[in-house]
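Here's the structure, in structure tokens; my notes come after.
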Amino acid sequence: MSQIVGQAALPVSAPAFENMRERPSRLTRSKVRAAWIFLAPTLIILALIAGWPLARTIWFSFTDASLNNLSDYEFIGFENYIANYDGEWFGILTDPAWWRSVWNTVWFTLVSVSIETVLGIAVALILNAAFPGRGLMRAIILIPWAIPTVVSAKMWNWMLHDQFGVINDLLLRLGLIAAPITWTANSDTALWAVVMVDVWKTTPFMALLILAALQMLPGDIYEAAKVDGIHPVRVFFKVTLPLIRPALLVAVIFRALDALRVFDLIYVLTSNSKDTASMSVFARQQLVDFQEVGLGSAASTLIFLIIALLIVVTIAAGRVRLGGETL
Amino acid sequence: MRRSSLASLAFVTGLAVTASAHAVEVSISCSALGQEYEICKQGVDAWAKKTGNNVKIVSTPNSATERLALYQQLLAANAPDIDVFQIDVVWSGILGQHFTDLTPKAGATIDQNFPSMIETSKVGGKLVAMPWFADAGLLYYRKDLLEKHKKPVPQTWAELSETAKAVQDAERQGGKGDFWGFVWQGRAYEGLTTNALEWIASNNGGTIVDAKGDITVENPKAAEALKLAAGWVGTITPEGALNYTEEESRGVFQAGNALFMRNWPYAWSLAQGGDSAIKDKVGIVPLPKGGADGRNAGTLGGQLLAVSRYSKNVDAATDLVLYLTGPEEQKRRAIQGSFNPTLPALFKDPEVTKANPFMGDLLTVFTNAVARPAAVTGDNYNKVSTEFFNAVHNVLSKKAEPDQALSRLDRDLKRIKRSGW
Amino acid sequence: MADIVLKGVRKSFGNAKVIHGVDLDIRDGEFIVFVGPSGCGKSTLLRLIAGLEDITAGDLFIDGERVNDLPPAKRGIAMVFQSYALYPHMNVYENMAFGLELAKASKGQIEERVREAARLLQIDNLLERKPKELSGGQRQRVAIGRAIVRDPKVFLFDEPLSNLDAALRVNTRIEIAKLHTDTSATMIYVTHDQVEAMTLADRIVVLNAGRVEQVGTPLELYHRPANLFVAGFIGSPQMNFLKGHVSGASQIRLADGLTIAAPLANGLRSGDDVTLGVRPDHVRLSETGLAGRVALVEELGENHLLYVDLDALPGCRLTARAPGDARHKAGDRIAVEFDREACHLFDSTGQAAQLRERSASAPREGALT
Amino acid sequence: MTILLRLGFWALVLAIAVFSLFPFYYAIMSSLRTGSELFTVAYWPTRLDFSNYIAVFDRQPFGRNILNSIIVAGSVVAVSLALSLTAAYAFGRVNFRGRTILLMTILGVSMFPQVAVLSGMFELIRSFGLYNTLPGLILANLMLTLPFTVWVLTTFMRELPKEIEEAAYVDGATPFIVVRRVFLPLMAPAAVTTGLLAFIVSWNEFLFALTFTLTNERRTVPPAIALMSGSSAYELPWGTIMAASVIVTVPVVALVLVFQRKIVAGLTAGAVKG
């Protein structure tokens, strides 16, 4: 291949510049070839472990499959999404419980990810400062994240218990509340309780990623800023924040992805009524509790579409550089 | 492990024909750990010893919904990994098609069980599981406090409300600020269905869906029962109870902070445990009636044993199920683990009543127990139950009036039913 | 050691054309400097030679071999980057040894070459240090050392001194010159600093907007700039430019009543627009010349600069350099004149129109007629 | 002024520590108590009762569960990092057609709720014969960690100075050598951080671990804890669960303490400029 190109290219006599297609050099070609070789294992593994289950889910969303018998189903088009029988509308898109769960999820994501981002930056900035015991602090902030969600959700459920929960006890002792609050039973406070636990649990994730970004910043710009006598707050907004933005956005995107799929926290902490259900809780209920693989898959596909839409908007708004070009 | 290698050794050495016919390995999912595991293991080992087979116990999630999800996953994939499944009474309709019909093998033993237990084990005329042990909702009360305040054990829900209110007020005045009258399971989950079904059934309000499959839940009796229950929240029941499961309510009760509790029989031995604040101060009775003309109705719970269609050793597995659900084993379990037998005869067995003095009283509870409409709604039971507990939860949290909630529930259930369950 | 030939080399990034067909012959052992303003494509051209960018069209030969398709390491080149590009996780020794190691040189050979290069650059006491423990000048030496050990046919320097302070810059410049004498390898050096270009180069290539404006020895470029761009780019302070047009057979008219006698070269006709260029060194103060006002005086010690606004040419500010301390101050009225033979003439397209023969015997004559 | 600042700083550090640690502290407290004690609030241990800790190891092969978790999480991290470091080089430093689409597709994998892919994954694992094996779990967990590690490392890879890579090419390195000898060491802080986060993701993973294993000996820690039960169906062995949680948190803390030195400032310092 390279030989042919080499020979053909020898008698170059200034061809029309505009019509020249870039003829990649050995270096570029070897880089591109290496890139594909490097990507191949990742792509193969992802195609293998994700491709089939995902394709299957999307396919099932157009069928009436039931968990009881997955081999016997019929293709029913968009009926799981929306359908009309005898003047009455059926399908997820007409189900108020679904839209309620969408709203719950989006609200939860917006609130918790915002709080986590701000707190995460603060924690990361503190951990980035040199002080004795910094290593220990790093370990400490990771503890909430290290406790399995299965456990920490139950733990908080216990701590938030209205009768013998330690949170109410503390607040009562501190005189902040007059009577115990029924944190998780009341749908008004339940989602806030979920947000609180989520913030407690995943701020370390944000903090650590932001910390890594901070650590990779060159130190001299800070020295320059110090010499110039710029106020630290200004330095943060004008220098630090723009520089860590790519990493910050990736952290936010992945947190948002997780938050939009929130399941265990809401499942364990709240009463699971329709008022507090998230999209994933809804999907799981259809899929597992009701054996409606078709409906559940449709809900999952809708979750995928909604998340994809939100992420694309985020990426566009944040102007994340994807492979050089701005999306 | 060692056993199976012994078995294969036997195979190699030419004892093959006879040995392999017996030495199969059967795996059973019985409850995960602790005392229940021990008791299960003893029974299983006894059978293994008797038949020469191996039994592997597979532990499954403690939470009912997670366990059901796991079962569905395994069964939907036709996986032969578990031969014998321990299932909840309300799952027979959902999972029934994956299980073998035990009728021919079980034969006469079927009729020795509580009819309600057999009813719930049947799907489309086939016996898909054998009853293993029974459960039913009970009313726990504080003997000492009722005596102290000179109140009788309530016979109706109305009486319970009054007594609870009176004692609660008195106790609170006596300095126990966080004392409550009555705790139960109000979280929007299956437990609420069992609780609410007790209120409605005891008030002659039916069982949501009747045996013929007709939706009966929209009726004044049911609305009346829900109205009463909604009145408890915030007065004799903490608002937090709207997110309580069994353990949270037991927590409040066992800490001595409640007069009444609705719970399953399991709480008895714990409340009587050495470190319990209310040891020897607790009594249990059937749940109250809805009124003078009502009835005592505890929701029927309990577990069944079923044999997977995909099992490679259906015969051995069936044998194991029949052994475990047989009178001998049930008696042993009743004596050693306080598991309530599904065979009425055992409640009068002197050895059993000696070990569990309260068990004699439970016979009436079980005979009167009300079954959830699981068998009749089949696949759709979870949907029915979910709609039901969501509707009830709305009433309890004062988001809807009972009439209104029940009428909407009726509509939603009809929508689920459409052309039939 | 190798000669390098570029034939019609072009480069574009997408639709943006960066190099517009460069032909260049670089002789074996020559020290070539690419200069030009930023964005002129000089770094790109160097990276094309290095193989770090793909050549869009045209051919590149090193030592007679066409190397368009060869990866950098196979071209027999070594490169010193503006930012040094040291491997931060390796110490100095490892940094210098990395290339040899990849070329599968023996341990002893690596050791010998690295030590020798280090001695040459006087960094043999730093071999164990990590880059972050070095000063800027030391890092630059390591970067050069990394190039030396590979014993390349061609050295490529991409503005290697621009991050150093003035004193260090001069020192390192001299060392690079010495390196060239010692190794007699072909060197290509990119800079925007004309002092570096003038002092180091055998020949300078002046680039502008992706085109070669002129190639020549430093003095050729200084004395005989081929066009307005080169004339303006080489020499500091910049050459003065006076606009005018050809009047008659041998006169250039700068303004009404202001003409210069100039024997015209062929090609220019009466009425053509031209530009007259005079270097500040050739502008003399006089009693009688072009009258003007001193706008600004800059004292440089050994000489001084006067910026003069000419009365006759409004908007034209002339720079003059004179030795010693200034005897004038801003606002003073003075007159200037310049030698005719020191003048450069450019036609309307900016090309040098008239290369005057320099003869010592040419009569010195006032510009003003 | 500076003293005030310092005080404020330490107050902040303290606040963060308390916020992070209090629930964990409460878990330790709970793990030292049994029975009805658990239903009362206490801030200090009244007595040290380690019976819960003994029970954790007594009632199930918990040591084996921890080992399984370490094997699974460790392998997942190793595989994820190995794959995503090379993939990040491709995404971050090479211009090739379809790069953006591929990156978005990889992100898309993370957009399906876990429960939706569960049954497909279940069939897949079974068809590979990996049901109830640790490799099966490792494979499944890659789906959770790989998109994340690829994206994060790509971002960091892009931030590295271009000249260092070019210098390596001039020195004769192949893309693979560039990744291994030059970028890998420079990416250490990011790789350690990402690896740590991926480790915890895998360490905490519950749904796959529960569904794809059947026997106690093959279970990882989260399902093992979730499957702990009291002596009867409804009783939650709170003390034991808390004890188990405390035990499993220790390895992670140790891991952080060991690796946090790698997360140090300015590994790229001295690479460029002066």
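Here the chain labels run A, B, C and D in written order, and each chain numbers its own residues starting at 1.
One rule holds for everything that comes next: contacts are C-beta pairs under 8 Å (C-beta built on N, C-alpha and C of every residue); 3 or more make two chains touch, one makes a residue touch a chain.
None of the values given here were measured: they were computed from a predicted structure.
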Task: Chain of greatest Cα-centre distance to subunit C - done: B
Open item on the list: Just to be sure I understand: the centre of a chain is the mean of its C-alpha atoms, right? Then which chain's centre is nearest the mean of all of them?
Closed with: A
TODO: Identify the chain pair joined by the greatest number of C-beta pairs in contact.
DONE: A-D
Open item on the list: Just the number, please: Cα centre separation of subunit A and subunit C in whole Å.
Closed with: 53
Task: Centroid distance [mean C-alpha coordinates] between subunit C and subunit B, Å - done: 92
Task: Rounded Å distance, subunit A centre to subunit D centre (Cα mean) - done: 15
Open item on the list: Roughly how far is subunit C from subunit D, centre to centre by C-alpha average, rounded to an integer in Å?
Closed with: 56
Open item on the list: At least two partner chains per residue is the criterion; list those residues in subunit B.
Closed with: 69, 76-77, 251-252, 255
Task: Residues of subunit D touching at least two other chains - done: 39-40, 118-119, 123, 169, 223, 226, 236, 266-269, 273
Task: subunit C residues counted as touching two or more neighbouring chains - done: 51-52, 71-72
Open item on the list: Which residues of subunit B touch subunit D once you look at their complex with the stated criterion?
Closed with: 27, 31-36, 56, 58-63, 66, 69-70, 73, 76-77, 79, 81-82, 245-247, 250-252, 254-255, 263-264, 266-267, 269-270, 273-277
- [ ] Provide the residue numbers of subunit D that touch subunit A in the complex, in ascending order.
- [x] 9, 12-13, 16-17, 19-21, 23-24, 26-27, 30, 39-41, 43, 83-84, 86-87, 89-91, 93-96, 99-100, 102-104, 106-121, 123-124, 139-140, 142-143, 146-148, 150-152, 155-156, 158-159, 169, 174-176, 179, 189-190, 193-194, 196-197, 200, 203-204, 206, 221-223, 225-226, 236, 238, 241-242, 244-245, 248-249, 252-253, 256-257, 260-261, 263-269, 273
- [ ] Can you check the complex and tell me which residues of subunit D touch subunit C?
- [x] 161, 163-164, 166-173, 177, 181-182, 185-186, 266-274
Open item on the list: For a test of understanding, state which residues of subunit A touch subunit D in their complex under the given definition.
Closed with: 27, 30-32, 34-36, 38-39, 41-43, 45-46, 48-50, 52-54, 56-57, 67, 70, 122-123, 126, 128-129, 131, 135-152, 154-156, 158-159, 164-166, 169, 200, 204-205, 208-209, 211-213, 215-216, 218-220, 246-247, 250-251, 253-254, 257, 260-261, 263-264, 279-280, 283-284, 287-288, 293, 296-297, 300-301, 303-304, 307-308, 311, 321-325, 327
- [ ] Using the touch rule from the top, collect the residues of subunit C that touch subunit D in their complex.
- [x] 50-52, 71-73, 77-79, 81-89, 98-99, 102-103, 130-137, 139-140, 146, 150, 163-164
